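Report on the following structure.
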Amino acid sequence: MFGVLRGMGITFKNFVASYFLPRKPNSLETGGMVTLQYPEERLPEKERFRNFPFLIYDTKPDDLRCVACDICAKECPPKCIYIVRDNDEQGRPLKKPKVFDIDFTVCMNCGICEEACPFDAIFMDHEFEVGGPERQQSLVYHMDQLLKPATHFAKIRPTDHVAIEEKRRKEAEKKRAAAQAQPKPPEAKPPQA
Amino acid sequence: MLPILAKLFIYGVLFLSLVAALGVVLLPNIFHAALCLVGTLLGIAALYLALQAEFIAVVQVLLYVGAVMTLVIFAIMLTHRIGDMTIPQTNKQSLPACLALFAFVVLIGGLLLKTDWSILVGTGGSVASVNPPVDTFMLGKALLGEYVFPFEVVSVILIAGLIGAIVVARKD
Amino acid sequence: MLIPLEHILIFSTLLFAIGVYGVLVRRNVVGILISIELILNSVNVNLIAFSRSNALDPVMGQVFAIFVITLAAVGATVGLAIVLALYRIKRTVYTDEINLLKW
Amino acid sequence: MIDEPVLHDTDTLEVNLGPQHPSTHGVFRMNVKLEGETIVSLKPIMGYLHRNHEQIAENMSYLGSMPYTDRLDYFNSMSNNFGYALAVEKLANIEVPERAQYIRVIMAELTRLVNHVSVIGFLLNDLGAFFTPILYAFREREKILDIFEEIAGSRMMCNYLRFGGLKLDLPPSVLDRIKKIVQGFPKFLDEFEGLLTKNEILCMRCQNVGILPYDLAVSASITGPMARASGVNYDIRKIDGYSIYNRLKFRVPLGKVGDVYDRYMIRILEMRQSVWILEQVLKEIPEGPIINPKMAAFAKAPRNFKPPKGEAYGRVEAPKGELGFYLVSDGTPQPWRYHVRAPSFINLTVLEDLCIGHKVADAIIILGSIDIVLGEVDH
Amino acid sequence: MIFLDQIFVNSKKAILNLASAFLPTDAILIVSALISIGAIAAFGPFTMMYLTWFERKLVGRIQNRIGPNRVGIFGLLQPIADGIKMLTKEDIVPAGADKVVHFLAPVVVVIPALLVFSVVPFGRNMVAIDLNIGLLFFLAVSAMTTIAIFMGSWASRNKFSLLGGMRTVAQLVSYEVPMVLAAVPAILASGSLSTVDIVEAQGGWNGLKWFVFTPWGFVGFLMFYLCGVAECNRTPFDIPEAESEIVAGFHTEYSGMKFALWYMAEFMSVFTISALTATLYLGGYQGPWLPSWAWFMIKTYALVFVMMWFRGTLPRLRVDQMMGLAWKFLLPLTLINILVTGLWYFTSGLGLRLGLSIGILLVSSWVLVLFNRPYMPEKRVYEFAE
């Protein structure tokens, strides 16, 4: 009897508190109320949040960082990445993908492609409101949908952006120094971080 | 106008009760039959209301519909098997029973129609009753005064029936 | 009384006849029990109808109707208990399959 | 009809509880025979969520299985990561830096809080409380999941641990928020207990229902809070003292009866112990590297990680019981054999013994108190 | 004051006066009946719609949520949106179902739920029919719900439905007995079965002489309310439709508007049970200052609030515990309560009356608790291993 009454007191306290302690909008702090009115209000985005991958380009979409090395496709645990390397007119392979598809119905957002990529070309996006009217077609993202500028990356993950820019700058310097020292450039080898 | 409507209503109820009663004995599915019985009982309760016997009407609903029928349906559920739909639900006595009962109804009905009921209900047959309607107060007084002995006997029977039912239906 | 007494009596006669038909014809014990309820109700209809005439002490009819209802309830209870016991032992509720005069 | 025995059941009813049933915690099926409401036999049927986890892992690099372990028991991905990382570290003999050890323990204990609090919420839902306890539980769980999201990038599928350390260091100021949560948690537990522990209806429903005797618990190799509720003093954190647990002070609550109520209470008490552990760890957490530099080299090329030939069994005290990973390496980038000892699955084996003789409603709460996650049962 | 108090009665009278100008006397009677019927038929479903809103809002607040808030201001149009959704849903009838009965059951269940509104005194002179057996009528008619639920559960041909139906019957039949007995003290005290008379008997002390302020009245109120909660299948007695055990009990196989009818019956009975509890023990429409119907609504909705509060707090009982509570605790206690009520009226002197009745009730409930010891919670102590 008394246990029941105490429980009812607690629920009543919560009932009253929900009226007097509203949730602060757009914040993790909760008052008496926990509901967030989702489409209008959103939680602050966390920098490390990962959802589906995107391909990064520096200035214009043609000049993307991806060299179609296929490492991400190999390392992807559910094997949701499909890459075809581009060829030039003579049929020689180019360092850029012709086809780069990611099946978002299969992707499990683990972020291993981002970790494994030696060229910092693929990153996990914050975009999570993807959805389609049918089961698969609209959720297989092609290269034009996946390509996003580096500024987007700088916006969603500023800390990582700074670190990666720093790393790329250093690498470029090293390469330039090496090129100056040795006229013949060494064969492209995936650098290990 | 109002009495005519009321009369029509009562006759309608009586007719529906009879249809439901036929359903009780004729429907192959015993569960449907029991539901038809509920209909009949409600119709009879409506008749009681029309006869200004509200207490009996309410007791009819409370006891029959609320308790007895629940029990019956429970028993049907416990003894119902899937194959029951295909088994014939009537035995071979249907035709003789039908004839005999038809004769019975014709006989009694003729008798009833022939009898002059004016001694009981006053002349004209359908005028409002001579007796005032029995209210709950009178009924209560009668039950606990004049009829207190049968009342007690009935309660003893109820207890006996209760215990008997438990003893018979218990699993051991 | 809005409708003639004899009409109510005929109604109860018909109800009685239907009830008896059910008792005679139904194979299912539960069916027989609910037919008996019909018969008891036809009796009740008579009792109430007469109580509203000036033939009797008006209370008596209603008191007896109450007794009948109560006893019908008792009857149904015990009857259904027997049906359950029967079903448990014989696995049937059809009267013509229960013809051995023993459990 | 002649051959049948003399006494027939009037009311045995065979009911399939599940696989689409609101409280089988996923796609789990119980084939129940009822007499009235009492259970006379119960056959658990599982496998509806089988995803071939072990075979997939045997065709994948060691790191590739890490996100799959998240999906074993999707309530506690951190603990699963922990178990798998321990197994691989044992296999390849990898040292883990101090700070990483501490963060791992913080994550494991936070996961325990998440799991226990939501399990109790679900149990109450099974008992028929209309979502109130579970929503109070989720209110707290959200705070911890927000932390996980901030640290690892995902709320539930963390994929945070790496062999020899962690994927990333803690972001700044997260430690303070964890401290705040840990400080506030006892208060929440008090409220939660006030709502539930002394509630007569809960006591009536849970006490002396689904008793798991000590001997059965031992012989059926039940682990985790379920075993401890039956009085089995078996906590891998104490026995193995893995990671830094041997340095931490905590106590193991033990029940006497082993019924649903004891399982509930043991979880509450374990949460209080976890809060204690967290307080110690948060006070002592050192600075330093978060991953063994030897292993950091493999981050960009997981396929180059080839443990030496051999076998290893790494186990942790996951919130549901002993979670073990058994690995056999043949020197290739893929494990030759990968086996999961899933606590939910093994704890579920005693379900029929617990349920027989109880009512349907009890079967549901017994299942709820066993605390299964179908992702782990069917892996 | 009087104007406000009688505003609905007078407006009905005004309509009738208006009608009598060009209609015969017989027709006026019919019009009068139609007005009452129309008022109830509109009020019942309207109450149901807004009780769903009320419950969702309230339970939401208890759980630190907002509840419906998208459709209309404060989500006030949510019930209408739900209604439209229900109407447009596919009406599914299981293949093995008994189609006629499956269709009839939700219809049948709504009828008694609506009928009982006719004897509820909403305010002074605001009762559709003042039957002299009003209370009995209420109980009898609500007993018909059992049959309807049984029909639904049987016709669905679903084992969960069947289990739910069996549980329902067991529960409703068991709780009807203590419920009737718990109402007896009020009947004894007022000397009438008519709901209006019962309310009028509580009119003393400026409209505050409610039965609940006497010891037997308090116990009777608690018992009646508890049984009422069980009668309309609400938590902690929602065993017939326990969603975690038997999916949804008797309405597992219902969808669309039929399902809405089941819900309508349930919520209307929530309202009527609360209304009847208020009528019997909380003085119905009696009360100072406010108009009578306002008092009635305040009391009824307070009781409805408590029912929903129960729902937000309590887990449900098990079948045998629920039956045990009815037969081993409530039934004896209600019987003793009747005895105490009799004693109250045969003794004189406030001290003696109070002492005797409180004493008997306390001792008997303590004895009953002792008898029900197997159902009492145990205290547990836990060891810690290092």
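Order of writing sets the labels: A, B, C, D and E. Residues in every chain begin at 1.
The rule we apply is simple: a residue touches a chain if its C-beta (ideal position, glycine included) is under 8 Å from a C-beta of that chain, and two chains touch if they have at least 3 such contacts.
Fair warning: this is a prediction, and the values are worked out from it, not measured in the lab.
Colleague: Can you give me the shortest step count from subunit A to subunit E, moving only between touching chains?
Modeller: Graph distance in the chain contact network comes out at 1.
Colleague: Identify the chain pair with more contacting C-beta pairs: D-E or A-D.
Modeller: Answer by contact count: D-E.
Colleague: I'd like the most central chain, judged by C-alpha centroids against the all-protein C-alpha centroid.
Modeller: Here the chain at the core of the arrangement is E.
Colleague: Would you kindly tell me how far, in whole Å, the mean C-alpha position of subunit E lies from that of subunit B?
Modeller: Going by mean C-alpha positions, subunit B sits 29 Å from subunit E.
Colleague: Suppose each chain is reduced to the average of its Cα coordinates; what separation in Å results between subunit A and subunit C?
Modeller: 79
Colleague: Return the distance between the CA-based centres of subunit B and subunit C, expressed in whole Å.
Modeller: Once rounded, the distance between the two centres reads 7 Å.
Colleague: Pull out every residue in subunit B that's touching 2 or more other chains.
Modeller: Counting only residues that touch two or more other chains, subunit B contributes 55, 59, 67, 74, 78-79.
Colleague: Considering subunit E alone, which of its residues make contact with at least two other chains?
Modeller: 62-65, 162, 312-314, 377
Colleague: Which subunit D residues touch at least two other chains?
Modeller: 10, 132, 135-136, 139, 195, 198-203
Colleague: Write out the stretch or stretches of subunit E touching subunit B in their complex.
Modeller: Answer in residue numbers: 24, 26-27, 29-30, 98, 100-101, 131-133, 136-137, 139-141, 143-144, 146-147, 150-151, 154, 162, 165-166, 169, 173, 176, 193.
Colleague: Enumerate the contact residues on subunit A facing subunit E in the complex.
Modeller: So the residues of subunit A touching subunit E come out as 3-4, 7-8, 10-12, 14-15, 17-19, 30, 32-35, 37.
Colleague: Sort out for me which residues of subunit E touch subunit A in the complex.
Modeller: Spelled out, the residues of subunit E in touch with subunit A are 58, 61-66, 309-310, 312-314, 377.
Colleague: Where on subunit B does subunit C make contact in their complex?
Modeller: Those in contact with subunit C are residues 3, 6-7, 10-11, 14, 17-18, 21-22, 24-25, 30, 33-34, 37, 40-41, 44, 47-48, 50-53, 55-56, 59-60, 63-64, 67-68, 71-72, 74-76, 78-79, 87-91, 93-94, 97-98, 101-102, 104-105, 108-109, 112-113, 115, 117, 119-122, 125-134, 138-139, 142-143, 146-147, 150, 154, 157-158, 160-162, 164-166, 168-169, 171.
Colleague: Which residues of subunit D touch subunit A in their complex?
Modeller: Touch list, subunit D to subunit A: 60-61, 63-68, 70-71, 132, 135-136, 139, 142-143, 146, 149-154, 157, 159, 167-168, 171, 191, 194-203, 297, 299-303.
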